[in-house]
Structures are given as structure tokens and as C-alpha cells.
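Dropping the structures in below, format is C-alpha cells.
Here come two complexes built around subunit A, the first alongside subunit B, the second alongside subunit C.
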Partner chain A sequence: MAETKVAAYICKGCGLGERLDTDALVKIAQKDGKVPMAKTHDFLCSADGVAMIRNDVANEGVTHIMIGACSRRAKTEAFHFPENAVARANLREGVVWIRPDTEEARETTQDMAEDYIRMGCAEVKAMAAPGGNPNTGSSKTLLVVGGGVTGMTTAIEASKTGYPVVLVEKTGALGGMAGQLWKRMPVHEPFKSPADTGVADLAAQVMGDSNIKVYLNATIAKTDGAPGRFVVQIATESGATHTEDIGAIVQASGFTTYDMNKLPELGGGKSPNVVDQLGLEALAKAAAAGDGVIRRPSDNQPVKSVVFVQCAGQRDPSGTHLAYCSGFCCNASIKQAMYFKDANPSVDTTIIYTDLRTPGNGEDFYRSAQEKGVIFTKGKVSGVQPGSNGSTVSFHDLILDDANATIADVDLVVLATGQVPNSGVDIFAVPKEGEGEPEVKPISILNLNYRQGTDVPQLKQGFTDSHFICFPYETRRTGIYTAGPVRRPMDIAQAREDATGAALKAIQALENAELGRAAHPRSGDLSFPKVRLEGCTQCKRCTVECPFGAIDEDEKRFPVFNESRCRRCGTCMGACPVRVISFENYSVNTVGAQVKAVDIPDEFSEKPRILILACENDAYPALDMAAMNRNEYSAFVRVIPIRCLGSVNTIWVTDALNAGYDGVMMMGCKSGDEYQCHFVKGSELGRVRMSKIDDTLKTLNLETERVRDLEVAITDIERVPEMINKYVEELVAIGPSPFKGF
Partner chain B sequence: MTEHVATNETILVVGGGISGMTAALEAAETGKNVVLVEKNPALGGRTSQLYRYFPKLCHPTCGLEINQRRLKNNPRIRVLTLAEVTGIEGGTGNYTVSVRVKPRYVNENCTACGECAKAVSTEVADPFNYNLGTHKAAYLPSSMAYPQRYVLDPAIIGTPEADAAKAACKYGAIELDMQEETLQVKAGAVIWATGWQPYDAAKIQPYGYGRFKNVITSVEFERLADPHGPTGGKLLRPSDGKEAKNVAFIQCAGSRDENHLRHCSRICCMASLKQTHYVREKYPEDGKSTIYYIDIRAIDRFEDFYQKVQADPSVSFIKSKVARISEDEQGNPVCWGVNTEGYKRYTTPHDLVVLAVGMEPSVKGVNIPGHIVADSSGFIEADPANGAVFGAGCASNALDVNRAVQSATAAALRAIQVVNKVAKAEA
Partner chain C sequence: MSANTAMAEKYRNNFLKEIEEQVEMGDWVKMCMQCGVCSGSCPTNFQSAWEHPPQELFMMIRAGKREEVLTTTSMWNCTSCYNCIVRCPRKLPITHIMHGIAEYAHRLGVAPKMQPTRFFSGLFWKNATKTGRVNELKLSMGLYFKNGFGAGVKEGMKMKDVALGLIKAKRLNPFEILGGHTCKDQKGIQAMLKKAYEIERSRKAAKTAG
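Showing the complex of A and B:
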């Protein structure tokens, strides 16, 4: 390994040269930062300034670069040195832009800049340029679990992109739920009539593709490993187990319909003439195979009147049935009403709904149904009473405000019951104690041999959806993507789109794994956690806390890091009580050294020091933007960006307090159900950890106010400076830390 | 960002909103070279102009920050701003795309120090705020702007203001003689992610948009609610700056209407439900929202969001397509119509009316070069006749952000399939 040579470069542009004594900063870098080479430049991000740095790297052996200029979020193209360790001392957004340009502010502003130079030098020396670990696995094969429309689409699209696929389907045939449909809603102009499902074509494509290996009547017995090197055991009907090397996984395990037997008040299970939507598809298929007339199951007579009950067992706030809307059922009922109308316009078809939900061009389909004579009635169905001459549907007619409206002599009632995801075991479910019968434990889909459980974590209502609006594919298991109705309720068209996107994410994951690169949100990051096992106490905190289930345990309960499952948030590093986990460019040391580098004035100076640990995803950009708006804040704070609140190791806080800092502010993203943490649980775990800091403060005889945990959003451009200034006032009132000068 | 020469293994992405950025990033992070073309001076698109997202009520800039960081770290993406596609020649695997780049008058030397803006006094309309306010003619489009580089408005070019801006720049970043240029970019596949525009509310004559100052659109309401918007986040109505505490939301303003947009725009119900939160957030004591609707389309998992708003006593729902809006002497907009649940007439004044305007694909009325198959609303259809030009996001359908991102990710794969085939043929 080449010898480390650190150089500090201090920019004089953007007012830094006028507002700061940059010559003094150079001296600080040399004396306190102990860097052998420190230079200033009038305009460091210019071609000339960058060339100066490049020249020093090429000819002077500089390996570590400390740039004292603008925020690490600015001028990223100019200051792009992927081969070197780089630290950025934020003198612009962090100092001159948030301080008034007054004579009396000059000294504290300069103090601030000098500290950031000390911190930058200390940080860069503790860093190494991450090299990545390319030996983590190189399988390029996708595993697709589920042979419905979603799974088949994923397989076909991945194969078209040039990747081999293993597809596992638990039944004896491809097609899934869509295979049971007679027709689907149209997806092309003119959106007027039901269309072919396309399932047979998809199945034929899959079966005819030599790049796709299909296992029917098969399930996943065990999934070991990580992206790029999954080893998957596939159990088949014959009892034989096949092992496949897999790079990434798409789980397309689909849905089952909500059981209409749970809706006896709507006639579910009470009469053969009350069916769910899938039941009607079967009748339509039977009709198509015969004379084209849909018949009543009880007596095989042609159906002359049919009522569709929307939201049956759905949108139920009481908690008895499904709380959500399944999204596709309005169009499905419209389609099914057309089955009747297209064959025989004299059949009475009524759809009873509360809100008809036909987004996009579904509106044309809805219009077409109206033209075909389908009756739409806004109402809430209260009961279906099957009788010998047909059923009676009772409902509250919301237009006429008639609570006792009925439709009698209905030949067939169709309940639109919606989708229930097949998401496997809810690995974080809290077992209910006592009362009632034990619930049947769902069968695992993936049988992951992961420390944290066998399946992908679920969100609300059993869906494996991502919680992120901007990043819909981000599951909490790297390299495993869920697609189709297991992720959120959806129709065929959406499932196909979703499947195609999931195929891309899976391909990307296995390519990343081969190069040792991180996936979202630290895409491309080549650093990964390294653990010094000889210091490990087998406490298991890292393996329990990792939001992505990346860490397993060996038989001696030592952590086993699976790098290609890791998202580089550093939660393990924050959790580790003995501090043996680190990244090359982010470690207990890189932050700890900065904490220690700050000059702490004595208690008589009236210059308190407050450490801010700010999440780089939201709080740090908010501070930057506050600076761009020239919103001023106190010169007594020193800000260190962190990857996530979850990565905060308590030692940084205790070190700071022991060193005489007067207070510590931690700024992280919102946690809880509506979390905004980019690492899902990072900020929550960080907060749980920090909630215990009070004990430490008490043992140090310090006031609990000296550590403050704050929720900061990226838009808090006005609020963050206010919070800082208020906190500084509070600390001034409390008085200086008793630890100064020790 | 290294300049790379585009080849027929390059993917061209048109549109730098969340769909285009996603498509570009997903393709680049899978190892493909991408040219991303955006017509505005900064990336981010329409979502960056929203105050909050439904259903989490989180902020769009949060995801934008991550996407911009992904972009800054990825040398495979070349970003062209102030750029529009004017022509596409060739076919699948071998396109030549003409891109017209307007002058920014500011080069890459810009440090975003802001001295040029201080030197300029001319104010111009601010499209980021839907022209509800103005900004300096030397400006950074927003605090989140990427590229983080100032822009000179063409209005001051050739005036002493431009010279003053140039004189104020110490870094040689201002080039007043920059000219419009047209680049020829090679590409194997093209992702068309030009998003949507709000339906022109003035065309819905009975609602009086443009005649009554206190009738505004849902996208304008987002800017009023945003602390970084023209009112500093206060819900002040345009006519007299009075606090708008009694706000009406009119659904399907343009959508689901064969005279205007025949499709349902999908997002507007959820957007209005979300915007009732803004009213309550700003006026917790006496804020009041009324939603006039045909059907509330809180589709799939969003149902619980709807239920929460329904449970809120400050929000009322009236099933009605508002017939017309008039204005009373105090400048209050008055909604006229019939509540179809029970057929009750109403004539109700509000402080402010927000029209939940529909989503019109930006491709409509714009001549996409080449022959693109679109549906009757102008959304790009998935059709083999389109060759390797793939619609993504709201250029392809009326989608919310989550679905637009999915669509963009899928489009990225379709484009990759094409360029992989090209690579294979050339190998």
C-alpha cells in the first residue's frame, strides 16, 4: 500500500478569502492538522485549482485530500477524486454564509473555520479510499418465485435483457390468478370491450425460452447467501430437491381472493348463486366453452339479472374485513357486466358502488359500460338474501337517500371481494397472547436462512410494499424485490409494469454484487463494514439491529457480514458497544477524530461548543440550504454529517461531553410508522439507543439537556437555524460544561 | 461528470423530472451510458414544486436529494439542461436525436455564490412558483437546483443589467455571447419522460379561473402552502391577501369530461385530500375544507388516508359536480350546484376555491418527432410501432409518483434490452 500523504487545499473564493484569514487556516492545517502540504487557491473549483490538486496527486504522492471550500454537496464534479480519500471542510455553507459579516462576528467566525479545518484534517487521516470487495459473488441468474402474470413477465423481460432465469411455481401450471380469467380489461385504445388476457401467450413464451428454467409443483425449501451468491434449494413434488446458484430474486407470489364465506350477510357461502369475481370468471369460461350464455349455478338457467356488489369485505374501517381498496375490482365488475351485455343486451346488470374507481383510461371503459346499458347505482349494500326465485339485494341508495332500497329476483350476485397478498411469514409479527384459537402460521415463501427471519418484511396489511414514495422497489432485503399484487393490490397491466421494473432492480442488484457496490440509497458506494472479530463480544446487537438483515451469526454467535446485502447505513457500527465495526471511509474514528479535533475554549471564554451530528440525507442538506438563504445561526456549533442517525455510536457523544462540549444535538429523519429514514429503521434505532444516554449523563453528573435528539426534515430551512439558536441559548442559561479544561 | 461520446449503446432520456431521473439513474446504475435532457434550467420536474407528498405527507425534496446524490456520483450520466429534443432520425438501436440547447449565459465556472443576482434588479416571472411571484433575472431556480448553477433570463441580455451581472462575477462564469445550439446525439433507445402539465383551467369557463382571482389551481395551492413559496407558506388568497380559511376543492376540474380530458387523472382526489391537511396545518382552530367530488378515488392502499380525512370534522364532502362559480361583493368565490346525495341545492361562498386540475400529458400538442402511438388522451402507448422509443411516467399514463417511478424503472429495462442487443451485435 502506498504511503499516506495528506494535503489540505483552502479556497479563497466565494468570499472565503475576504471573510476569513486563510493564511491562518493554512497554519492551522499544518500545525494542528499536521498535514505536510497546505495550500490556498483563489478559485479552487476552477480548472486551474483542480489541476493543482491533480498535479499534487500525480507528482507529489498526495493520497488524502482535504478540501476547505464549500459543502460536500456542492461542486461535486470538480472535486471528484474517486481514487483518493477526500474530506470536505465546509467553510462556505457551514461558516461564512451562516454568519453575519460584521466586525464583532469576525473572531467567532474564524474560530469556526479553524475548527472545520482541524476536523477535516483529522477526518481525512482516519479515512482510506474504499476499494470495494469484488469477491462477493457473480451469479447472473434471476430466481423468480411465482408463475403468474407477474412472475412470467419478470422472467421474460430478464431473459430478453440477457440474463438466465429460474422460475418456480407452486402449482402444476403457469398462469396464476390471471389464468383463471376469461378476459381482462383492455389496455389499448379504444378501451371499450374486454380483451384477451394474454396469459396463454406469456406461458408459451416462457416455456419456449431456453434461457428460462421452469420448476412446476415446486417451492423454495431454503435460500442461503446474498445477492450474487444465493444458493436456493427448490423442493419439487417428487420429493427431490434441486439446488440453484442465484444472483437476485424477484418474489411474485401474488394474491388470493378474500374469502367470501366471511361475508354471510352478503350471501357469501349461502347460495351457489352468490359468487365472487373469480367465480363469475369460471361461469364465463364455461359459457364460452358452450353456447356463450352465462348460467345460474343453482339450476343452469340463463342469467337474466345480475348485481355486482363493490367493496365486498373491503374498505372496512372496523377491522373485521380488509381495510384497503383493491383498486382493480371496479374495472373487473365493469368488464364482467359487459360479459352479459355483449352477449345479450337484455340482461339486467347493476353495479352497486360507493366510489367508482376507474383511473386513467378506465374512464373510457366505464363510459362504454354506460353506453352498453350497465346500471351504476351509488349505494351501500347491507344484505343479500338468497331465495328460491333469486336473491334480494338490500342497500342504502345514496342518491335517493333511501335506506331501504332493494332489488329483488336477482339471478346472480357477484361479490367484488378483493386481493389478499401471499406474502409469507410476517417476521416481525408480535405473537398475540391468550385469547382465541391459535392463528395458522402462514407458510414461508422464500425460507430465507437469515438471522432476522424467513421472509421479506411486510408493511401494512401484509403487503411487502416499500414505504417510500420515490423508491417503490426498496424492500428491506437487498437483492430481493417483490412485484405484483404481493406488493400492493393491482391489476394485470400494473403487474406487468411492476414485474418489468422489478426485473431491472434484480439485474442491477446482481451486477452491483459482482462489483462490490452498494445498492440504493448509497448507490455505488464501495465501502463496506469491516469487523475486528477479535474484539467482538458476541452481543448480537449488530445482527439484531441491521435494518436489512445483512448480518447472520455463526455457530459461536460471531457476526457474519454479508456485504452484498449491506446498504452501508452504519447502523451496525452505531450499535456496536465495543466499536469493532467500521467502514474504510466512515468509522468510529473518522467521526471521533473530528469530535476530538475541535478546540474547546475554557469556561471563562463565553464560547460554548455544541456538537451537531446531522444526517447527511436530510438535516445536512437543510443546513446547506439555510446557508444558501443566508439564514444565520450560532458560531458555537460544529456540524459533522453522518450517514444515518442509526450509525451514531454513543462513544461520540460521551467523548464530546468528556472533552468539554456543552451540548450535543442529533438531527435525524422522522421515525415511527410514517418514517422518512432512508434506511427504514436507522433513525428509530438511533433514537432508541440515544434514549438511554440519560443514564450516562447522570453518571457524568451532567444535565440531561446536554444531549438533544431532533427530528429534521430537508425542508426545515428556516426551522433548523432557529432550533440551533434556541438550543444555544438554553445551554448558555445552564452554564458551561464542568468538563472543560480537563 | 466526464463527457462521454454518445453511441448507439447510449440511452437518451427526455425529461428530468422524477420519472426521467429515475429512468436515467436506474439505467446508469445498471452500467449503461445515459444522456438526460431537461428543458428547464434544473432537474426535479413537477414533483419538486410540491410541498408534500400523499400519503406520508413527506417532502419531495427528500427523495430528490437522494436522486441528485446518485447523479453526482455517477459518471455515466450526462445532463443537458435548457435542452429540448427537436428531431429523431433513425430506428431501433440507431437513433440520431437533435437536441436544441438554449443559452444559460452562465458556464460551469459558476460557484452559485449569488453575486450576479445582487447586481441585478430586474424581476421576472417565476415559473417554479407558477408565476405567483417573481425572481431576479439572474437566479438559481431553487435551493435544491441541480445543476447548482445560476441562470440569466434572456430578458436582460443586451441590457446594462447583464453587463452588471457579468461584472459582479469574479469567476468568469457569465458568458453573454452564449448562443443557442443544436446537438446531434446518438442513442440506441429513447425514454420519453416529459411528464404532464396541469390542464388549462381557463378552458373550464363556468369556474371563472382567470376571471376570479380567488379561484386557483391545485398546483398553485402547493406553492402557497410551501414555506419556500411566494407567500412563505401562508395560505393567503390572491385578491386581497386575506387568510384563506374556508377552502373549497373542486374535483375533476377538466378530468372525466369529454369536453376537456376524457380520462381520470388519478392523482387529484388524493392531492385534494392531502391539501385539506395544509388547511388544518395552517389553521388548526378554524380551518375548513369542502371537497366537491363525483367519486373519491383513493385507490388501493390509500384508502386509510381517505378514512382519516373523512373522520376529520373540519372537512366536508359533497357529492356534486359544481355547476358554476360566481363571485360575491367581498371577492369570495361562490359555488353553485346540487348535492346529488339527496338532491339538495347549494350556493356556498368560500374564501378560496382550489380546482383539482387534471393531468394532461406534456406530449399532447407537442410534436414528438417521429411517429408515436398514443391513446386518445395523448398518453404514449406501449406499441411495437414506437420502435425503441418508450414512454415513462406521466407521459405514458395518469400516474402518481410511486407508479411513475415504477413505470420509469420498467422503461429503463426496455431501453437496456435494446442497447444490450446493439452491444451484442457489435461484439
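Showing the complex of A and C:
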């Protein structure tokens, strides 16, 4: 490795020069930071300032750069030195903007700045410029799993963008669920009548596109590799297996309707005259092929009265049936009622609903149905009793508060049963204990050859896990995206939008994979985890905990990192008990060195020191924004940005407490089912680890209050400074740490 | 067969259709989406004064509750403030529908006889059409004695100071009780009204038959 030469640059712009003694900071960098070269500049991010740094890199042999200026989140384009290791001391958002400009605050403010310079110098020396991931792949082909509306749209969109597509469909025809519909809800003005599904047109586009290779009657037998270099085996009906090199995958495996046989109280499975929405579509298709009259399945007589039961087996708080609303069924029932009314206005059509939800332009569609004479009744259906001469629907009329309302002599009852995702095997499912009905084992969709399991992880309700707020298409397997109803319940219009988004994300993923760059949230990051296998104890924590299934195991149970699957969160680094996992620019050392670099005043100085480990995704930006609003907070805290709460190695906390810090505060995103963690499981795993820190505190004879976990959202601009100040007050009340001065 | 049973027979099991065809603006009833803004906007404090607020009446019509709808006093309580029409997100002419249902119930002879609004409407119409002018004294006396002689005297005594004041101020002539003054062309008025009745009757007959 080439010789390391560190240089520190301290900016005097943005008021730093007036508020801080920058000459003293230069001396600190030289004396405590031990850097051979330290300079100030009046305006470091200007062309002149950046040229100065470039010149030093070119002519003075500077390899490591420490910039004492604004937050690492600001001026990233000016301070972009991809060839060098760069650390940033946050003097602007971290110091002067959060401190009052008063004479009495001057000393503590300067203390704060000096510590950040020490920390920056220590960090940069522990870093190396990321060399980039060597295990890249260059396949530009997109695999689309599922030939429904979502899959076909993904294929067409990707092909239009110039990427070859392999489409795998398990049935013998393209179209999926939408192919079974007679008509769809309209998506164009005036939104008054059912429209053509457009499936035939989509299928024709797919089949006519030489850039799209279609496998019908085929399934995925095995998926190996990583983004940019997936090797996928496709099993076809004939028994032959085809192997394709794939760059990224979009899983559009869609949904099945909730089994109406589970709803015997609503007549499901009890009579041919009780059907689900898909059953009615079949009747409507049969009618359209004949004389246009929808007939009763039991005796083939024309239907004169039909009742639609909304939320059948859905929105069930008891946990027996689906707990959620599928979102599309109100519009679907309105559409189906129109099948009857458009053909014969004298057919009685009643839709019994509890809350009519009509997304898109459904409100116009709903109004149109009312104009056509469809009766909408707000009520909760309690039972359907099929009889020889029509069914009786009993319901609680919620407007008239009539618990015993009935509609008799109903020829056909349609149950709106909702969507169940085809998400494959739930890899984290806990096997049910005890005897019971033998569980039908779900069939894997992707057959991933990953250590953690064969399919993408699921969220509650069985939908594939995705970061709902920020990255909806992202799964917990890098380079594999889910789109359409497998991700959340949706209608055709939403599925097509989803498909387009997922296609673009998949293209981004395979392009990033070729360049060895991370996918978001650390987009473009060239660092990747390196493991010192000599020190590894094969404990498997990293392979089990990795939220993205990036780490496999070799036959000797050593971890095998698949860099292209890695999202660079550092959860493995936080998990490793022997600390052998690190990134070139982020490691146990880079943070540990910062922790140790802080000057800890003695217990008589009345200057407590509190370490804050702040998640760079939400907490650190929140602190920066608090600074922009000049929301002040205590000068006793020292903030270190971390990639994720999951990357926090407990050694940092013990080191800090041993060094005499009075407290450690950890700021991470919300965890659990409603998580906001950008690495999905990072903050949860981090919290699990930290919950065990109490034992460490006890062995050190310290109060448990000295370690605090705080859930922070990016919007907590007012709250976070308040919480910091409150915590500082609490710690002052507890008294100084007994470890000072050792 | 009474008008009521005839219509009930005609629209068996389809009260909504009956309302749509027979009631002025009745074809709007199906467009209600049950949001309840009409009830929330009603200044008559329907919770205590109304048996059923407008959106509930619409739901009852759809549910085929013919008897309850036609005999309720609810729609008679409407004061025609038009607040509900202004606010209805579905643009239903609720005020007109209320009056339409009331009128239809009256036409069928099933409206509650002594409901004050209905009683006063009838009194006013008879009073005004008799001579072509409203005889205020007779009109108010008619209202006082609505519930019998004793109650009428009691009500009259309660108002006597107001009446004396009005007489003093020459706003009330007690001799109007003997007949009072009339409009100039009484015959013309009667002929006009007769013609209007005739038109109305043939229109309604066509509706009932059609």
C-alpha cells in the first residue's frame, strides 16, 4: 500500500471564522490530530479552495483528506475526491449553528469544534479509499417472473428502454388474473362504463417484441448468484431446463383470490349460485359468448336479482380471515353490477358495503352506477342462506340500524373476497407446534440458492417486504424487485404503474452491479465488507442477521460475501463478536478512533461528555435540519454518524463508557412491523443487541441510564434537540461518570 | 280501492321506482351516497324534531319501507332553508325531494293529519282561495282552534295583549270575522284555480296510470 499522507483543511466561511478560533483548530489538528499538513481557507468549497486541495493531492502526495467545514451531507459535489479517503468534521451544522453566539458559550463551542477536528483526524487515518467491488457481473438481461398485467408491462417497459427481457409464466398463456376478466374498470373519460381489459393487446406486444423471450408453462427451478450475474434455471413443461444469465429480477407473481370455501356462513361453496368475483367474470364471459344474458349456474335461468357482498373475508379484526382491505373490490363490484344493468336495467342489483372505497376515478364510476340504478346499501352481511328458489341475504343495515334486514329471492350472490399474494415460501415462518391439519407447503417462486431461504422475505399478511415509504419496489434481496399485487393489494391501473417503477429500479440495479456500486440507500457506494477470515469463529451471526441475505456460507461454514447483493449497511459489522468485518471507509476502527479521540475533561470541570451515534439516514439529517433552523442543543454532545443502528458494535459503547463519557445516546429509525429503517432490519437488530447492554453496564458498576436508545424520524427537527437537552440534564443529575481520568 | 292501495299494488316491491315516477325530483333519490351532510346541515335540529333525517329517508326508500316513509312527519318539518341543497356533494335537490314526498303522501291520503305544517298549509290554501285574499283573523283563529274549542280559547287568551295592540295600531280589524274584504274579481280567481286544478289532475292521472 502506498504511503499515507493526511492533510486537514479548515474552512473559515459561513461564519466559522468569526465564531471559532480557527488558528487554534489548526494547532489541534497538528498536535492532537498529528497530521503533517493543516491549512485554513476563507471559503473552502469555492473553486479556489477545492483547487488548493487538488493541488496538494497532486503535488504534495496527500492521500487522506480531513475537511473541517460543513456537514458531510452538504457540498458533496465540491468535496468529491473518489481517489482519496475523506473525513468531514462538522463544524457548521454540528457546532456553530446549534450554539448561541454569546460570550459565555464561546468556550464550550470552541471545545466542541476542537473535538470534531480531533475526531475527523482520527477517523481519516483509520480509513482507506474504497477500492471497489471486484466481483461484478455484466448481464443486462431482466428476468420477469409472471406473465400477468404487471409482468407484461414490466417486460414491455424494460424492452422499450433497450434491455433484453426473459419472461417466465407458469401457465400456458399470458394474461394472468386480468386475462380472466370480461372487462375492467374504465381508466379514461368519462369513467361511466366497463372497458376492455387491454390484456390481448399487451400479450400481442410481448409476443411481437424480439427483445422479449417468453417461456410459457415454465417455472424458476433455481436462482443463483447476485445482481449482474444471476444464473437462473428455468424448468419447462417438457422437462427441459434452460439456463439464462440475468442481471436483475422483477417478481410479478400476482395474487389468488381468497378462497370463498372458507366463508360457509356467506354461502361460499354451499351453492353454485354463490360465486366470487372471478366466478362472476367467468359467467359474464360465457354470457358474452352467447346471448349476453348472465345466467344462474344452478338452472341456467337468467339472473333477475343479484347481491354483491363487499369485504367478504376481508377487514376481519378477529384474525380468521384477511385483516386488510384489498382496495380494488368496490370498483370491481360496481363494474360487475353494470354488467347486469347495461344488459337489462330491470335486473335488481344491490351492493352491500360497509365503506365504499373507490380509488382512481372510481367516484365517477360509482356515480354512473347509481345513475344506472344500482342500489347501494350500507350494511354488514351476516349470512347468506342458499335456497331452492334463490338465496336470502341477511344483513345489519347500518343506516337504518336494522339488525335483521334481509333481501330474499336473490338469484346470484357475489362475494368480494380480495387478494392473497403469491409470494412463495415464508422463509422466516416458525413451524406450527402440535398436531393439526397438515399445512399445505407453499411453492417457492424464485428458488433462490441463498443461505437465508428460497424466496424474498415477507412482511405481515404475506406480502413481500418492501420499504413502504421510501423504496416501495425494493425487496430484501438486492437486484430482485417485486411489483403488482404480490407487494400490496392493487388494481390494474396501479399494477401497471408499479410495473414501470420496478422495471426502472431493476435496470438501475443491474447497471450499479456492473460498476460495483451499491444500490440505495447508499447509492453509488464503492465500499464493501471485507472479512479477516483468520479471526472468524464461524458463529454465523453475520450470515443469519444480514437483512439482505447477502452472505452465504462455504462448506467450512465461513461466511461468503456476495458484494453485489450487499447494501453496505454494516449490520454484519455490528453483529460480529470478534470484529473481523469492516469496510474500507467504515469500520470498528474508524468509529472507535473517533470515540477515543474526544478530549474528556475531568469530573470537576462540569463539562460532561455524551456520545451520540446517529443513523445517517434519518437522525443525522434531522440534526442537520435542526441546525439549519438554529434549534440549539447542548455543547456537551459529540455526534458520530453511523450507517445504521444495526452497524453499531457494542465495543464502541463499552469503549466510550470506559473512556469516561457520561452517557451514550443511540439514534435510529423506527423498528418492528411498521419499520422505517432504511435497511429494514438494521435498527431492530441494533436494538436487540443494545437491550443486552445492561449486563455490561452492571459489570462496570454504571447506571443503566447512561445508555439511551432514541427512535428518531427525519421530521423530528424540533424534538431531537429537546431530547438531547433533556438527556444531558438527566445525566448531570446522575453525576459524572466514575471512569473519568483513568 | 284507495289511491294508496292502488299505488302500493302497482309498484309492488319497488318503492324506489314508485318514488322515482310519482314524486317530484324523486329520480334523484338513488344518487344519495349516505354521507349525512344534509342531516348535519339541517337547522331544524332534526335529532329531536325529525323521526328520520333526509339521508335516512332515502335509504328507507331504497330498502322499500313504504309505510314508514309515507306516514312519517319527517319531511313535513323541512323549512326550505336550502342549506342541504347547497351542501350536498352529490347535488341532490333535497329540499324539493322532501316537499315532493310530503306532497305525494298527502295525495295518497296517508300523511299524518294533524301535523302542524300540513294542517296549516291546508288552512292557508282554503282561506286564500275562498275570496282571493288571506283573511288573517280567520287564519289565526283556525290555527288556535286546531286542537278543539277549549285549547283554542286558552291559546287566544294567551295572545290577547298582542291582538289588542294590533287593533289599537289599526293592523287588525275584528270585524273581518264577519266575512272581511275580498279581491275584486273573485269569479276570475275561482275560474283560474279551477283550470289549474284541472291541469294538475290530468297530469297526475297520467303519471298514476303510466
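In this section, the second predicted complex is superposed on the first by the 660 of 742 C-alpha atoms of A that agree within 3 Å, B and C clash if a C-alpha of one lies under 4 Å from a C-alpha of the other, contacts with A are read in each partner's own complex, and residues count from 1 in each chain.
Just so we're on the same page, a residue touches a chain if its C-beta (ideal position, glycine included) is under 8 Å from a C-beta of that chain, and two chains touch if they have at least 3 such contacts.
Bear in mind the structure is a predicted one, so any value in this text is a computation, not a measurement.
Superposition of the two complexes onto subunit A shows a clash between subunit B and subunit C.
In the superposition on chain A, contact is made by A:511 with subunit B only, not with subunit C. In the superposition on chain A, contact is made by A:470 with subunit B only, not with subunit C. In the superposition on chain A, A:189 makes contact with subunit B only, not with subunit C. Shared-chain residue A:560: touches no atom of subunit B or subunit C. By the touch criterion stated above, A:489 is placed in contact with subunit B alone, subunit C being left untouched.
Contacts of A:578 after superposition on the shared chain: neither subunit B nor subunit C is touched.
Using the contact criterion defined above for the overlaid structures, shared-chain residue A:524 touches subunit B, although it does not reach subunit C.
Once chain A of one complex is fitted onto chain A of the other, the partner contacts of A:405 are limited to subunit C, with no touch recorded for subunit B.
Of the two partners subunit B and subunit C, more residues of subunit A are touched by B. In the superposition on chain A, A:370 contacts subunit C only, with no contact to subunit B.
Within subunit A, the residues touching subunit B in one complex and subunit C in the other are 356, 367, 378, 399-400. Looking at the complex, you find that subunit A touches subunit B at residues 13-15, 43, 45-46, 70, 73-77, 80, 157, 160-162, 188-191, 315, 317, 323-327, 353, 355-364, 367, 378, 398-401, 460-461, 463, 465, 467-473, 488-490, 494, 497-498, 500-501, 503-505, 507-508, 511-512, 520-521, 523-524, 617-618, 621, 625, 628-629, 669-670, 674, 676, 678, 713-715, 717-718. Across the complex, subunit A is touched by residues 1, 18, 25-26, 29-31, 53, 56-67, 69-70, 72-75, 108-109, 111-114, 140, 143-144, 148, 170-171, 226-228, 255-256, 258, 262-266, 295-304, 307, 319, 340-343, 375-377, 379, 381, 383, 397-399, 401-403, 405-410, 412-414, 416-417, 420, 424 of subunit B. Within the complex, the subunit C residues that touch subunit A are 16, 30-31, 33-34, 55-56, 59-60, 62-63, 65, 90. Touching subunit C in their complex are the following residues of subunit A: 356, 366-367, 370-371, 373, 375-378, 397, 399-400, 402, 405.
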